[in-house]
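Two complexes are shown next, each including chain A; its partner changes from chain B in the first to chain C in the second.
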Partner chain A sequence: MITLEELRRIAALAKLSLSDEEIEHFRAEFERIVEYVSALDRIRALDELEPLDSVVSHTNAFADDVPHQSLPTAEALANAPRHNESFFKVPKVIASEWTPDQNNGQ
Partner chain B sequence: MQSVHTGDYEAVIGLEVHAQLLTATKAFCRCSTQYGAAPNTNVCPVCLGHPGALPVLNRQVVEFTLRMGLATGCTIRPRSRFARKNYFYPDLPKGYQISQYEDPICYGGFVEIELEDGTTKRIGITRIHMEEDAGKSIHDHDVDTLIDLNRCGVPLIEIVSEPDIRSPGEAVLYLQAIRQLLMYLGICDGNMEEGSLRCDANVSVRRRGSDRFGTKTEVKNLNSFRNVERALAYEIERQIAVLAQGGTIEQETRMWDASSGSTRPMRSKEFAHDYRYFPEPDLVPVEVSAEWIERVRAELPELPLARKRRLQEQYGIPAYDAGILIAERSLADYFERACGALREPSPERYKLISNWIMTEVLRILGERKIDIGSFPIEPERLAELVELQAQRTISSRIAKELFAELLSSPARPSELVAERGMVQVSDAGYLEQLVERALSENPDTIEKYRAGKVAVLGFLVGQVMKYSQGKANPELVRTLLLERLGHSDALAR
Partner chain C sequence: MVTETYERFRQRVHNRETTCAEELERALMSIEENGHLGAFLTVTADAARKSAEESDTRFQRGTPRLLEGMILAIKDNISTRGIPTTCGSRMLERFVPVFDATVVERLRHHGAIVIGKTNLDEFAMGSSNETSYFGIVRNPHNPDYVPGGSSGGSAVAVAARMAHAALGSDTGGSIRQPAAFCGIVGFKPSYGRVSRYGLVAFASSLDQIGPMARSVRDVALLAHAISGHDPADSTSSEQPPIDLHIAPLAERPRLGIVGEEILSGCSTEVRSCYEEVCRLAQQAGYRLVLIQFDSMDAWIPTYYILATAEASSNLARYDGVRYGFRADNDGNDMMTATRTAGFGTEVKRRIMLGTYVLSAGYYDAYYRKAQKARRWIVENYRRIFSTCDAVLLPTTPTPAFRIGEKTSNPLAMYLNDILTVSANLAGIPALSLPAGRSGNGLPIGVQLQAPFNADEVLLRIAYDIEQCLLARATV
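Then we have the complex of A and B:
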């Protein structure tokens, strides 16, 4: 059972603002998805199975540490809604208001 | 180091260190990692998160991570995989960071730190995993926030310690040990100012003697050794004050603000720990064979603490000297090359080499902001200088002049000494004349000396050194003066 509260939280994490109708709509959809997947619960000894971490069987696809040509800056910025000649522009983010783990407010 | 065991409480600290790896290219694409490049020049569809672009892991990232794992005694997981850590921030265009979650490549190791009292302490390493860095947000240059994605995708390792640290001082020692290891292994430049090495801390306090952990806070933004120490001291005191007043600690993330010298809670913390990790489907698992592990292990250099102990033993230098010399691998290499170049090696000469490095050499490196690799006096020439000094061919004052000359001359020390007539004068007859001159020009000194003011002896030696332009053998001058003043050497000392 997915509650409205859970759905609101998921929407907030995805930075989506949903109307009450939309929330109910997605809640019902989520519930169907979870129910569908719960078929797995009927597998006996599920815990003893190794989780499938990759659908292809090979491992160790590596690249050599040799630089290749990067994109020209103009091309890199071309698809951004807003930019100047060297930077992407986004609405002002207040420094350190929410800085994730690996970013340390830089 | 000041104790943080304020009253009945003790601190429990664990550190999370992020180290940028010294690869030529990013973790999952072949854009350059060069620091300081023009904004948004080292970017491509993969690190910009363009739809359909697929990451491929840089082999060197695994290689470097294995080095750190093995150097810290970690177990290497034969098969590990990547996970997506989901969050939204403008400097992370994909909307997730590729990291490792359940199966980090290295786990269960330790780092040894040397405490001030000379004892060592083991700090456990919970795990070391591979991940990618985010880009850079610039807030103050424009009404908008500007984003540079050059750093996006640069490889990092995150080194997570066990909560084994008990004071801010220990935290600094641990961080220094980690930094030194990374630099010895040649996998990180250790530059905290440029952000190549970053540190967050988990801090709690508990009643002394308790084996339960208190509620912890995570303190971020500790980007220098000094800030680590200050922030932890502040946070520990804050928590103790809260508990002492009967309050409870709230589990939260706090930012260290160096200018106010305090930590403050970050807003929006309710989302901070819901990263909804899931396996990264775009990357295949990493398998590390026993052969790979053994090759990396065989190629590990001698590690800092082991080297320190060996330098003490092999060259008979004090622990203090050895600690300074091993601070950087290249400095210890320089010392050992100089020692190896001595024609007549002896502990006295090893110690002289160490003295030169710790004082004059490090001073010049600091003044010129260069590293030992670009230091103009090669170890072989320093060794020769030390031999001239040890053989009393030149006085220590001349040795200093010679050192200064060698900085700008490619000549050998012995050549310069011969050329400039710097050879130390030990001709007793000549020196006696100078002694007489010193006494006649300072007639009151004899009486002062006999009245017990032995300090004038040093003054007189100095005068003779001056007359001889620094070439007089100071020990001989001293002996001659003592004879002249009518005292036995033993009495004056």
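Then we have the complex of A and C:
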């Protein structure tokens, strides 16, 4: 049983805002899907196996440490919803005035 | 309409029966006439006309390149410099990449003409091409039916002869299933053989780019052109490019065929089409071996856990900061507002599922268990391929379904991928071949799968079976 609370927590983690109606709708679907994928619990053969991340056995691929032409700033910014000449612009996420209290525990 | 295959078109150019410029106009006309099918999101007519001119010059000079004049459509989740790449999502509605994907660069280098970008399920998440922000795609054989997904636009472009070939991407069947539903050939190469650089990531350990065309030889030609090592993709294989030449089979190989555990879940028409192909193969001299997929019950659960987990992580990059859509909401949590307005329902559902299976307390129960199941599936295939050279199975349990038929039941939609996801989980090459028609005229496909990196063997067998099927049609 997946609770509405749990779904709200998942939505917050995924940075999605869902209405109560959407959450309720998702819950019904979620339960059926989660119940279906739980079929893996009934497969005893899995108990002794090691997890597999990837079908290709690769080690880190290193690039040679030589300078090369990188993306010009204007191109890197071209698709940004907001920017100035050299930076992406984002809403302010820190308080406007710094007070010693805010630094507690840092 | 373009010529039936690129190979045939090239012969016609050599015989001076037509030119690339003329062929391109036929393609553009076909795109216009088939606008109601919704296959294209962007048509790059002007740039294509310029390329066609260059191709004609090359043919005249006697210096045509490998894919000279091939009219090619590209799924809109593959990066094209200066051409919008939307992934069928509001999130990337105005996104114009500043670089070409490696596959696009290689195709241009070989002389292919990019005619446009094709519609898809949003972020390639779907099996019916009904989740695109820019509208659904319809099946050219009957517009009331889905074309399959997620590479639905690419499949329709090829099936309705708006292009010689197309690129698709396949995470759980997104090339093979629409190829089957639209009656064309679709090939998912072994994982790593084709660079993913420039493919917008959905589930990185499963995603593969591959060709879609109207003959196995055209598919093989494209596979050769796009494969081979790419330093820009850290999972790229060191194997040489897929062999261009389909060598003849010295002797007919052992072909694994499936039994009740798979066929009982298929429609009568799919089943009888499959059995007919098995009979033809046997008559042609193939040795048929009945194989057993012990891991079948794990396929869909494993796929949906791993694919959604990887998707939830990959799609975290859409935050409204560096590119893509940003919600007009500077006061409160801009990122949440952006993601809520920018993603459609199916994408949200999968991000939610993926976040759930990765979250504290569930990781071992779902994600880790699915990784174990993935190893089991790989081992199951290894056992199977010790008794046969390739496996023949249906591509889908049914032919194309009606538009709207499965949209209210996500699980029923997911189960449509039952016969395709295992190849992605095991990383092996797989190809869908048109094999027949249903009573109401919808195409039915059969699928071939071969061991990891045996892409050439797969293409050889596919070509041979395609020829058997064509011979049957003319008897």
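Keep this in mind: the second predicted complex is superposed on the first by the 79 of 106 C-alpha atoms of A that agree within 3 Å, B and C clash if a C-alpha of one lies under 4 Å from a C-alpha of the other, contacts with A are read in each partner's own complex, and residues count from 1 in each chain.
Rule of thumb we're sticking to: a residue touches a chain if its C-beta (ideal position, glycine included) is under 8 Å from a C-beta of that chain, and two chains touch if they have at least 3 such contacts.
Quick caveat, the model's predicted, so the values are computed rather than measured.
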item: Chain B versus chain C as contact partner of A:73, first or second or both or neither; value: first
item: First, second, both or neither for A:43, with chain B first and chain C second; value: second
item: Which superposed partner A:87 touches (first chain B, second chain C, both, neither); value: first
item: First, second, both or neither for A:53, with chain B first and chain C second; value: both
item: Which of chain B and chain C A:16 touches, first, second, both or neither; value: second
item: Chain B versus chain C as contact partner of A:63, first or second or both or neither; value: both
item: Chain B versus chain C as contact partner of A:33, first or second or both or neither; value: second
item: Chain A residues contacted in one complex by chain B, in the other by chain C; value: 13-15, 53-56, 58, 60-61, 63, 71, 76, 82, 88, 90-91
item: Interfacial residue positions of chain A with respect to chain C in the complex; value: 7, 9-11, 13-18, 26, 29-30, 32-34, 36-41, 43, 45-46, 49-56, 58, 60-61, 63, 71, 75-76, 78-82, 88, 90-91
item: For the chain A and chain B complex, residues of the former touching the latter; value: 12-15, 53-56, 58-68, 70-71, 73, 76-77, 82, 84, 86-106
item: Chain B residues touching chain A - in the complex, by the definition given at the top; value: 16, 18, 23-25, 30-32, 38-45, 48, 56-60, 62, 79, 81, 85-92, 97, 99, 131, 133-134, 136-139, 142-149, 156, 158, 195, 198, 200, 220-221, 223, 255, 266-268, 271-272, 274, 276, 279, 281, 283-287
item: Partner chain A, residues of chain C touching it in the complex; value: 94-96, 98, 191-192, 205, 231, 234-235, 237, 294, 297-298, 300-302, 304-305, 312, 316, 319-326, 330-331, 333-337, 339-340, 343, 348-349, 351-353, 355-357, 359, 365-366, 368-376, 378, 410-411, 414, 426-427, 452
